[in-house]
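Below you will find the structure I want to go over with you.
Order of writing sets the labels: A, B, C, D and E. Residues in every chain begin at 1.
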Amino acid sequence: QEEIVVGAALPITGPFAGAGLQTLQGLQLAEHDINTAGGINGKKIRFQTEDTQVSNSVAINAFLKLDQAKLPFIFLSSFTVQNLATEPEVKKAKVAVMYGGGGVTIGEQNNPYMFRLRANDALRAAATAEAAMGVLKKKKIAIINVQDQFGNAIAELLRKKIVERGGEVVATETHNIRDTDFAPQLQKVKNSGAEALVVFGYIRDQALIIKQRRALGLTGIPMVSVTSVNEDSMLSLIALEDLENVIGVADAVFGEANPNGPKSVKFVDDFTARFKVPPDGFGSVYYDGAMMVAEALKKVGPDREKIRAYLAGLQNYKGVTGTFGAGANGDMLHAVSIVEFIPGKKAVRVVKNVTDK
Amino acid sequence: MPGSSIEFRVVILAVVLAILGIATFLSDYDLRLAILAILAAISVIGLYFAFGLAGMIHLAQGAFVGIGAYFSAVLVLRTGLSPWITVLIATAATTLISALLAYPMHRTKSHYLALITVGFNVSFEVIIRNWISMTGGYDGIGGIPLLRIGTPLRSELEFFYIAVAALIVCALIASLLRTSHIGRAMVAVRDDELAAAASGINVARTKTLAFVICSGYGGLSGALYAHYSGFISPDDFSLGRSIILLSMLIVGGEFSILGAIVGAVVLSYLPEWLRFVGGGYMAVFGLLMLGVLIIMPNGIMGSLRSRWRLAMSKDR
Amino acid sequence: MALWGRSGPVGGSPCRRTGEMERKILLETVGLECHFGGLRAVSNLDMRLERGKITALIGPNGAGKSTTINLLCGFVTPTAGRILLDGKDVTARPPHRLAKAGMVRTFQNGRLFSRMSVFENAQIGNSSRMAASVFDVVRRGLRWRTEEVNLRRRVRDLLDEFGLLADADRLVTELPYGKQRQVEMVRALAGSPDVLLLDEPAAGLNSVERENLALYLEELRGRGLTMLLVEHHMGLVMKVADHVVVLNFGSKIFEGTTEKTQKSSVVAEAYLGRRGIQHA
Amino acid sequence: MDLAIQQFAQLALNGVAVGCIYAIMAISVQLVYETTGVVNFATGQLVMVGAVVGASFAAIGSLGVGGIYTATLVSMAAMGIVFAITAYWPLQSRSISTVVIGTIAVGIFLQNVALMGFGPLPAKGFSPVGEGILNISGIVVPTHSIFAAVVSSALIGGLYIFLNYTSLGVQMRAIAQDIEAARLMGIQTTAVLGFTWALTWVFAGVGGLLLAPLWLVDVDVGDSVALKAFAAAIIGGFGSIPGAIVGGLIVGLNETFSAAYISTKYKDVVVFGVMIAFLLFKPRGIFGERISERG
Amino acid sequence: MLRCNDISVSYGSVKALSEVSLHVEANEIISLLGANGAGKTTLLRAISGLTATSGTVSLDGSSIDHLSPSRRVRAGVAQAPERRRIFPGLTVLENLTVATAAWKRLGVAYDEDLDRVYQLFPRLKERARQLGWSLSGGEQQMLAIGRALMSRPRVLLLDEPSLGLAPMLSEEVYERIAKINKQGMTVLLVEQNTAMALAYSTRAYVLEHGKIVLEGTAKVLAEHPRVREAYLGT
């Protein structure tokens, strides 16, 4: 029996392996679901993964290896720098890819083969500004961001948004992804007279900042958390009290709150049953991406150019994360949610959805 | 020195020609791996001076590769000079910069020196990431013009030839230096600094020279890389990279130039060869590296050479 | 076994400075002082090495002889005092510059470059005289080629003199201790020194080899080399030294000719013992 | 209290707390260096393994405080012996640099095995004293930090006495300096080296257990800390235990203060800049290295 | 007491020792003579188990071939090796006490052993807290001999013990060795100072090119023309 192979270049090892693992699980679940539902017109689908580590060079190697196998479609990682590095190769190879990196710079390359599965960082920044200024109604904002492509870029986007809306950024502090002591940053925030604090980071540093924020007595300053705020992987690291005065911006809200409710609930249940962890934004968008690619394969067959054209024309696809549709710059997901915690629980409810118009 | 026999030279020539010929049949992916291995080999030959000869545990070669890459990329994009020229300028500039950095290392030895280089590499990463106006920060620099000779060949193949040529020149220069009083002085300094000084060797100068030559090779390798990949960002010049580069030398055989090349090729290819292992392939990589160190006392070339010697002595 | 009897054209430099002003005293220390913590390893040492003569420096274990050599060759900076080489103050100069100025030493416990062949070890001795630059080397320029050819010839001759030519390509660590000591001598001589500081050159040699060493030292002296000889083998010292300086606890306790030294009761008490000389 | 002063005091305290962890790791570096002459580039991974194993035992749930600590340290000792037999012993007669690269290889191996076994997501560490926070007139300190400081001081003191005043400790140092001579003195080098590595792993294990509740556990937890620990060892001087402590504190304080008063972006550059400056004036660190050479 | 049968050692293709046999009886002082490169050091290393050898070494009639170097020391064969091999980073006192690893049990004191060494070499007592690397050549030699004594050997192997010692002291060392020998320690020594060695030993072997070419009592060998010519220089 023939099978159709789809490529995926993901960070399986190295510091980004956390996101990589969820991505892989999302794809694995999709593989299972597609094949049990009859596969691609009777053929089985299989995802072939290659590791990208944290190196651009290795990421390109991984991509080229998959490209060499003449696969009809390839998934890339969620790391903007890797996506940027691979972009010229994608153009050369003329193969459609989906990626999860939020960086606006990738979209600006105007590469017709690149499809972004997650909300871009401009949207995320806009939602964050809305959370701080619209929902919390604060004007003096402090930002702490992780020092890397994601953190620096989104902090800058947020700063612009806040200024645009007549607010003021009173402090911008940074930290390294492996930092452990955030007292200097938090003290500067305190001294700056900020009314609200926005944090862009990854799971571990975000959790540590939330913990140390309470220890240092900064719970009076409300905090907007942008990464994994509603996800078990982060919430399991902190205590309930730590969540005092925290709201967040979430890529995906699952379950009943999700616009595609029932589908989403089933996905969460299947995912959790299979991998013993609940899905996060990475797992769900790549699951959706895989499903969309499966649709494309069913409709137009394994031809690279036809798949690209199909995806470029795709609209209103109802996935487990939200509703996808090809838009400007290859963006496919157009909404994120501002969430708040239900008192006494490590669970969130949606305050507001923010879309890119 | 086996290099002196005519037979040996003929063999080498044949091998080189064969490689160049076989290359035309390779896919772009295979060529890419080969090119990356060759570029790594150039910087590892640099380490052959600093570590193999002068015994300085040098864990910042990644940074010097980065300096070369950024220097050439920025220069080419700002001035519009030909990349051929900027590669040369970048190599020279890396050499000069390393001469300045060599100063604080003058009085330190072994582990202290190793850790200074670690500090230097980490600092380099931080600076490159934050000096956004110059380096583009985390986003890196894209759209760097590629090195072309202007042949109708596939661009990967063309660059492959450029890289092979660069490697041969680098290896040749290295072997000329090794067989001179300069190379001898470096080995002497590694073996016994005190006795070297008493024999009239300026230890500080010799170490500086080894360090500077090493960085020059790194700079060249980096500049070539920039004009090969067209995109550079800080991740490619991390401390981890430096550690792997040094490992390449030791796995290949720290006492020989051929060892530097072999080590670079083996450790460049190994992760790619191991991709079939799946999730745990980097663990296997670590194990294999350890295995090579255990089974082959002086690296791959070291033990090949002693095998060869043993065979020769039995023949007689 | 090493046969050093053959005489050849190599050895000390044939008096490179033949100016009118040639000084009789080539190396001189004035009030030399060296302390390690509370320990005075060398104290107030005035010593003069006459050009073309062998001066012996003797004394009990720990008297400060090796420390004196370390001071002279620039390994240790004196706590006080001055060192004059050919009238110039060279105190606290780095070792490689002193080597270039013509002062070369051997080591008490032998310090060879363990990763190099005997031949390469010997070549290193001439480092301070190599002037070719990196560019000369890479171009294989004339300057480098002449230097290298001359050096090879010189080293080959020296190894031949010491009967080490057969071992030239062996790794030094494979040689027995006695031969390693000889390689060290060759290395020191390869740099054409004016002053040779020898720290126990006879240690590890048997009496026949020692005889040969004595002859060789005399020959070197004949070629105008100035030497400081630190040695515990009194037979050797008495045979070759022109002048003897005796240290005890870092201070000079006696100085004079070999005959006077043998007769001195101070020296006998501090160093030689009653029967020392006969056994040496 | 004046806010500026209070914040300064808070930063100083945090710097010391971080510095203590650096010091323990620097001690682990020193221990290996003193007893084998090798700079252990897998230090970060050893600490990580300690943290990960500790977290895994804690996750079982039924083990008590003592149970978790004992189980972790016993497994660390066992792994140390396995390491000594399979990796160190075959490399021991090689040049130091080969062994150093060997430790790098082992580090890569450990990190990736841990990644497979433990997964990439961070977990909470286990603390015997809980997650409480002490508040002393506005200056806060987690109770676990105090516990960590006490335990590590005791261990460091113990190690110092052990290495310098017990026969086994002196034997361990002798082996590092000349293993053949050590054999000629009747020292059972194989057994002693096995013990050395078991001790090293246990020490790293304690480091991992202590830092886990403060910094969370994941497979990268040792990486950047190890670099700081090396810097601490350098500043203090290799082979000196007091040096490791002083070095650790200097690096910790330097890091917090430069983040607070200079730049959060460039704080690591400042840390390594200070390290290099130290070496310009004290090429062998504050306490120097005792072994030297003479002509 | 100590017996070597057909010991051969080769380094690569070079044969350093070929089928050397010798025996050392209890309470003897045996000296091993030979030019440099003859293989003396190699033989001592073979006895201590530091090189791969063929042939057998036995102590008190039982083979010690299977024993590791450290076990051989525990069995009573100690060596003061060529080049002294002092532990550079240990103090003089630590250098001495570390050698008690060969027999030390918890709570057993070594003060007497230490006193004996200090008596032999008072200089070591003065330098007790000084680190090994900083000692003078002769002081290191004293330490190497003293250290070997600390392991309470029954057979002591000495590789050029007088090397680097001042004349007065080397004589004294031989006197002391002779004295300790009388108290029941057997000695096998390699020495360049042939006259002195023969003066203190009972028997001697002459090694040339890895083979034993002469053996006999010290008195006889001292008069032997071959020895006189090659090693005594007369």
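Definition applied: contacts are C-beta pairs under 8 Å (C-beta built on N, C-alpha and C of every residue); 3 or more make two chains touch, one makes a residue touch a chain.
According to UniProt, the chain labels map to these proteins: B, D = Branched-chain amino acid ABC transporter permease; C, E = ABC transporter ATP-binding protein.
Note that the structure is predicted; figures quoted are calculated from it, not measured.
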Original post:
Counting C-beta pairs in contact, does B-D beat B-C or the other way around?
Top reply: B-D
Original post:
What's the chain with its C-alpha centre farthest out from chain C?
Top reply: A
Subject >> Interchain centroid distance [CA atoms averaged], chain A/chain D, Å >> reply: 35
**OP:** Measure off the straight-line distance from the CA centroid of chain D to the CA centroid of chain E, and report it in whole Å.
**Re:** 42
Original post:
Taking each chain's centre as the mean position of its Cα atoms, how many Å separate chain B from chain E?
Top reply: 49
Subject >> Distance between chain centroids, defined by C-alpha means - chain A, chain E (Å) >> reply: 74
Subject >> chain A: positions in contact with at least two other chains >> reply: 13, 147
Original post:
Which parts of chain D, given as residue numbers and ranges, touch two or more other chains?
Top reply: 112, 115, 265, 268, 293-295
Subject >> chain B: positions in contact with at least two other chains >> reply: 130, 194, 198, 279, 282
Original post:
For chain B, which residues are in contact with chain C within the complex?
Top reply: 173, 176-177, 180-182, 184-185, 187-188, 190-192, 194-203, 209, 213, 255
**OP:** Provide the residue numbers of chain A that touch chain B in the complex, in ascending order.
**Re:** 12-13, 50-51, 54-58, 60-61, 64-65, 67-68, 80-81, 84-85, 87-88, 103, 105, 147-149, 152-153
Original post:
What part of chain A is in contact with chain D in the complex they form?
Top reply: 13, 15, 17-18, 20-21, 147, 173-176, 178, 180-181, 183-185, 187-188, 191, 203-204, 207-208, 215-217, 233, 236-237, 239, 277
Subject >> Of all residues in chain D, those that touch chain C in their complex >> reply: 294-295
**OP:** Note which residues of chain D are touching chain B in the complex, please.
**Re:** 33, 39, 41, 87, 90-91, 94, 97-98, 100-102, 104-113, 115-116, 227, 230-231, 233-234, 238, 265-266, 268-269, 271-273, 275-276, 279-280, 283-285, 293, 295
